[in-house]
Amino acid sequence: MLLQVENLEVKYGNIQALHGISFHVNEGEIVTLIGANGAGKTTSLYTITRLPPPEAPRVVGGDIKFMGESILKTRPSDVVKKLHLALSPEGRRIFGNLTVMENLKLATYAREKGADLDSEYERIFELFPRLKERRNQRSESLSGGEQQMLAVGRALMTGCKILLLDEPSMGLAPVLKYELFRKLKQLNEEGMTILLVEQNANLALHLAHRGYVLDTGNIVAEGTSEELLGNPEVKKAYLGG
Amino acid sequence: MDFIFQNVLNALQWGSFYALIALGYTLVYGVLRLINFAHGDIFMVGAYISFFVAGFLLGPLAGLSPMMTFLLTVPLTMILTACVGVTLERIAYRPLRRKGAHRLYVVITALMCGLILEYSNLAVLGASRLKFPELVDKQIWNVGGVAITNLKVLVIVAAIAVFLFLQWVVTRTRVGMAMRAISYDKFAIPLMGIPMDNIIVITFILGSGFAGLAGLLFAMSYPVLEPFMGMLIGWKAFIAAVVGGIGDIKGAFVGGFLLGAIEVAVVTVFPSTYRDLFAFTILLLILWMKPTGLFGIPQSTKI
Amino acid sequence: ADTIKIGFNIPMTGDIPEVGEGSKNAAEMYLADINGAGGVEVGGKKYMLEFVYMDNESKAESAVTAALKLIEQEEVVAIIGPNSSKQAVPGGGTANDNRVPMISPWSTNPNTTLDRPWVFRAAFLDPFQGPVAANFAAKKYNAKTAAVLFDISNDYSVGLAEAFKAAWDAKGLGPVVAYESHGTKDQDFSAQLTTIIKANPDFIFVPDNYNQVALIIPQARDLGYKGPFMGGDAWGTPDLVKLCGEECYGQYFSTHYAAAGATGATKVFIDRYKAKYGAEPADYAALTWDSIGLLVEGIKNAGKVEKNPRKMRQAIRDGLAAIKSFDGITGSSKFDEQGDPIKCAVVVKVANDGSFQFEESVCPE
Amino acid sequence: MRQYSLNVLMAFVAMLLLVAAHFGWIDNYIQIVVMTIGINIIMSTSLNLVNGNMGEFTCGHAGFMCVGAYVSSVISVFCFGTKLGDPMLPASSVLLVFPFILLIGGAVAAVSSLLVSIPSFKTRDDYLAIISIAVNYMIISALENMDFIGGSRGFQGMKDTYWAMIDIFDGPWMLFWVILFTAFNVWVIRRFISSTYGKGVNAICQDEVAAEIMSVNTNKIKIINFMVAAGLAGCAGGLYAHIIGYVNPQSFNILKSTEAMVMVYLGGMGSLSGAIISAILFTGLMEILRSQAIIDGLVSPITFMFPDWEPSAGVIKWVMIPLLLVIVMQFRPEGIMGNRELSDVFPKLKKFYRFK
Amino acid sequence: MMAQTQIQTDTTPVLEVRGMTQQFGGLRAVSDFNVKLMPGELTGLIGPNGAGKTTVFNLVSGFYQPTVGEIFINGQPTAGLKPHKVTSLGVARTFQNIRLWNDMTVLDNIRVAQHYWLNYGFFSSVFRTKQYKQREAQISEEAYELLEVFDLMQFADEFPKNLPYGTQRKLEIARALSTHPKLLLLDEPAAGLNSADAKDLIRLVRWIHEKFDVTIWMIEHHMDVMMELCEQIKVIDFGETIAEGDPEEIRNHPAVITAYLGDDNI
């Protein structure tokens, strides 16, 4: 087991957001978290990446293990540097005062020198050609979707082995959304482990191997994608079918 | 003619101090969007530190020659002042940041820290002013009717050097890029694997260190030290930084010299009392025409 | 026993802390003396004196609030200080408005006492000091042209500069070629000095506080000025030499008395002061001593001590107004109808060992 | 009627103060402290309109106080004083005229606030901060160049107006005026910001773009808000000038502005009651720490170690107070009240007053 | 009552845009854009990311001034008008990422959005004139009515930031409606909603469209939402209109498929 969350409880101030959830991600898997708004998906990702307060919540119980070792004490910057675990956060959070290119460059901050970056930039650009056009534009003036592309591209540029994506398709045009998901599949086949949070449960489950369903801070269902897609409650509540 | 040149020189020297302090302001601001109102007083502390360092080195214990003293005082002052700045960051600003306090509360804290520095100095060292010893034996060259001292040259060169250095750091290095990123959104910094606190500490080291340098040079040029020497010049330097476009190194540099030039020009033409009036009116007009300063990029609200 | 409460409105901090310190020292000495002797005798009964010191931070506005505090909060019956006209003019206004007698030891600006029946002083006035400086400089440097650099936000500096200019023009030797001003907090004077030097005067008159003098003279030298300077009584503190160093040696300024070569009571005072505080008393110390002397005289004249401070203040004021002449350690003075002393001034030289040497004494004819 | 009990209570306290002052049960010093508190309340609550409710960051509030102080002083000297020629009005009219003198001072201050509010159309936070600082300096420096009112050497003579009042009736007049204007000030602000019109200010603070697009005329609201704030500060200045009897441009420099800012942020941005409370606390603190005895007590451990070190209260005070504030901020990083009102903290209070 | 009472002569379009172009430095975000919306229409605007949709809305709502071209609301030109003026002409909008006043109660959010018809100023607000009292009463009445019909009543004194995401979207729409718009612009109202919530949104929009008889123009990337709601859909790319028609046509329009819809097998 690569990443393992054990009955994790977290609070914002005194609002409990997660009531002891447990899930795990194996090497080379695509796992998805689905659930209604406010279920605690983003919170889970924040907690795993050990983001500092005030935005991120406080762990009050449970544990997060990476390769069997607790990472609750790890410095946030080391999550990327040492554990190679990257997050593309909800709401993009790109650096608006930097150009597109600078945003991508910055993402390589923690990488050891000598990595062949140029080819990687190219890979990003072929995934999102629009970014190439806009490479020298101040990124805050990008359109919503363009910013989303940049956020995902940035996460990829950190050269991490595990990718955490929070609603990556938010605000993306369908054509790009599908393109992105195909790309994720391909990355996964190349060995990337992916933890995906997605509103579009249908799409997410078709991509993922396994999934967990969150509801108000609890895991209410889990299983392989097929099981979940077949599960009538899940259908009713989240697949809008 | 030489009258003009003489005043240009005066303006350059006086502007150098504004520039040096403004650079520190802008650097910290450029990273934390924190108006570090204590900066002027860190400059003052720098001057006093240099006074004691120099005093010690010249004194019986070390008994160095003035020149040696100068060469040693520069690094020592910069290091010690940097420590003061970093301490402030650690004990006053960082906790607030951690608690997610509104940035204006950090600004107020900075203001308060400034006052503390001023008055604790007054309380400890007493009210009577200090005389800064002469380190470099002054030479006065007369170039075509223009009197130049080696000190003035030194000051101006220092200002330019510091500017070039900081400009290089902020625009060319990855640390600099990280600095700019932090200023926009701290949240995503760790996600890039960037140790934020280290970057911030580096910023304060640079900012305060050069404030210390400015303090030393100032003490050498105007050798009468008093606890409030940093207040007015600090505020003005800050204004200069903003007019240049706060957060922008180039802006601070230009702004500093601009302010210096305006002040000297006004005084040579009008009674000295018009100095502030004119200076600030001009700055106001500049900001009126370019709301984000000379070099600041207009913030485009994307909706 | 009941006591008479007197307030001191003096600069303990700010631009001229030495002045506050000196005044306080002198006051403490006087207090020890008189209370040691069982107090002042008024109307056959002895009263202890009580002194309250209030810091006016060498600022005009603080001088006013300090005066108010002494009056409202401490309910003193009389105030001594402020020293510098910068504080004494507004401070005097407050004392006068609130009907409390005040004596400024060192203030030389006419406005301090002008149309203020409640305000008195121990020092001569600038309309007298100005000509003294002018005449001396003309004689000493046989100068034809003069330049003036003064502090526009200091009544003293402005007043003395004007008095000097008037006197100089009156002499008709030559013009005042440059008349430049600066602010109190200024540290860089190169712009003004450049203008002055361009006008190339025979000497520069600097009626400024000593701390500014210490910046001005070296900067003038940096700008290549070789000529002499002339100063006013605000130069007269030990700190002038400490801050200014060699650059100030050989310059002259007019002041109230010269410690060096003093005789009689003055000598006694100086020796005792030296013994007690290990430093020569500067003129503000001596003047404070005299001011207290004046006040005590006034109290004696009052003849009785009222319980109600308002009444007591009135009495003291009348007592002070009644004084016609006074022999102090800064020389003897007569009082004109304004209540201002008419007395001699001295010119001293900053000698090359940093001490102040008596040069000459000028008395009003 | 219970809903008015708080107002009645306050009125009663005010009366009590005046009576006590009149019969000398509380000495002049206490009176001065009370008056200072009043003035500081006006300063902090009015600045709170801009820095709290509108979320701008202006650091030049004292500038407007300065304008008010000078204008009203000059007028009052013209009317009742002798410094600028003979009095123009009979001393008997002083009680009627004085409030208007203060209001005129406020009005001029309000107009001068355009210097800040017009640039604020295009700029926000720190650039506006500078503009306000610059304006503060400009005002001071402009006055320093007006020699007919003393320039940098200050202006004096307003006491005549005060004496004129005393001659009519020997009572604690300044205290009366301060209380009156403080009440007026709170009343105006409370009503302004509780109206839908005034809530536009909060909208601007939280999202200017949304406000503009949701039909709030942001520029107009800004101007109004700045004017109200500056105007009230102007009145405060007028009162200050007549209490001290002397004004000097330097009494209204950045430090004065800083005091106002400190009070606002200490109280909590956008909280009216917070601003009032902090004004009282702050002023109280200033006065307490003024006493040498208390200071000596506080620093006694140090003076014990260094016997020859005798710090003066005036200095130590300015170490203690900022230190205290820094510590307070560490524990309450949103100020005493945050952005809530007293009535939000103690809902019961609502029953006892209404400002409709 | 909320519903607009005065009858609209169906000849004047609620919105007419002629040859509108927006230039950002070197970049032409919208070029020669034309549209005409008749009262009561419910139209969609789709297009790839960065096509210029939001920019179009910004232009219509007066946030940007077009580089070229003119815009008419109910026949009146909006050239040179500040946004709040445009709003009082009858245009209201929501934002791509929610922009509520987070530290004001839900009720106040609704109330403040009625500034456009405040007829009193500072002094009457201080002296509580009759005029003031009347208008405040009306405003409250309308506000409560809106909360009622949007069943947000129970949140009236809540702060928006503490509301669930879906509810915030709803509140934003309610706020927009409280400015009495004739034209309502919705920028990706379903973004970040899951399929279930999206269903509710569809119902909501339909209901608003009938109840307030307001013309609605919306941007959305959720195709199912668009297809279900809109009578007409306009497709733009690189700021230029590439297709126009009812959902069926759009769904099968080759250009749209390649540029926007793509194929969904992954």
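Worth pointing out:
Chains here go by letter, A, B, C, D and E, matching the order in which they are written, and residues are numbered from 1 within each.
Please note the rule applied: a residue touches a chain if its C-beta (ideal position, glycine included) is under 8 Å from a C-beta of that chain, and two chains touch if they have at least 3 such contacts.
All figures in this text were calculated on a predicted structure; none of them were measured in a lab.
The minimum number of touch steps separating subunit A from subunit D is 2.
Of all chains, C has its CA centroid at the greatest distance from the CA centroid of subunit E. Set against one another, B-D and C-D show the most C-beta pairs in contact at B-D.
Inter-chain centre distance (subunit B to subunit C, centres taken as mean C-alpha positions): 38 Å. Distance between chain centres (mean CA atoms), subunit D to subunit E: 44 Å.
Distance between chain centres (mean CA atoms), subunit A to subunit C: 77 Å. Each of residues 99-100, 122, 271, 273, 275, 303 in subunit B touches at least two other chains.
Along subunit C, residues 12-13, 152-153, 183 each make contact with two or more other chains.
Annotation for subunit D: residues 144, 151-152, 209, 315 touch two or more other chains. Per the touch definition, subunit A reaches subunit E in the complex via residues 34-38, 91, 130, 134, 137, 141-146, 148-149, 167, 170-179, 181-182, 185, 199-203, 206-207, 237-241. Partner subunit C is touched in their complex by these residues of subunit B: 3, 6-7, 10, 13-14, 122, 126-129, 131, 138, 140, 142, 147, 149, 151-152, 222-224, 226, 229, 232-233, 263-264, 267-268, 271-273, 275. Residues 29, 33, 35, 92, 95-96, 99-102, 104-105, 107-109, 111-113, 115-116, 118-120, 122-124, 235, 238-239, 242-243, 246, 271, 273-277, 280-281, 283-284, 287-288, 291-293, 296, 301, 303 of subunit B touch subunit D in their complex. Partner subunit B is touched in their complex by these residues of subunit D: 51, 57, 115, 119, 122-123, 126-127, 129-131, 133-135, 137-138, 140-142, 144-145, 151-152, 209, 254, 258, 261-262, 265, 269, 309, 311, 315-316, 318-319, 321-323, 325-326, 329-330, 333-335. For subunit A in complex with subunit B, the residues that touch the partner chain are 49-55, 75-81, 86-87, 89, 93-98, 102, 105-107, 109-111, 138, 140-142, 154-155, 158.
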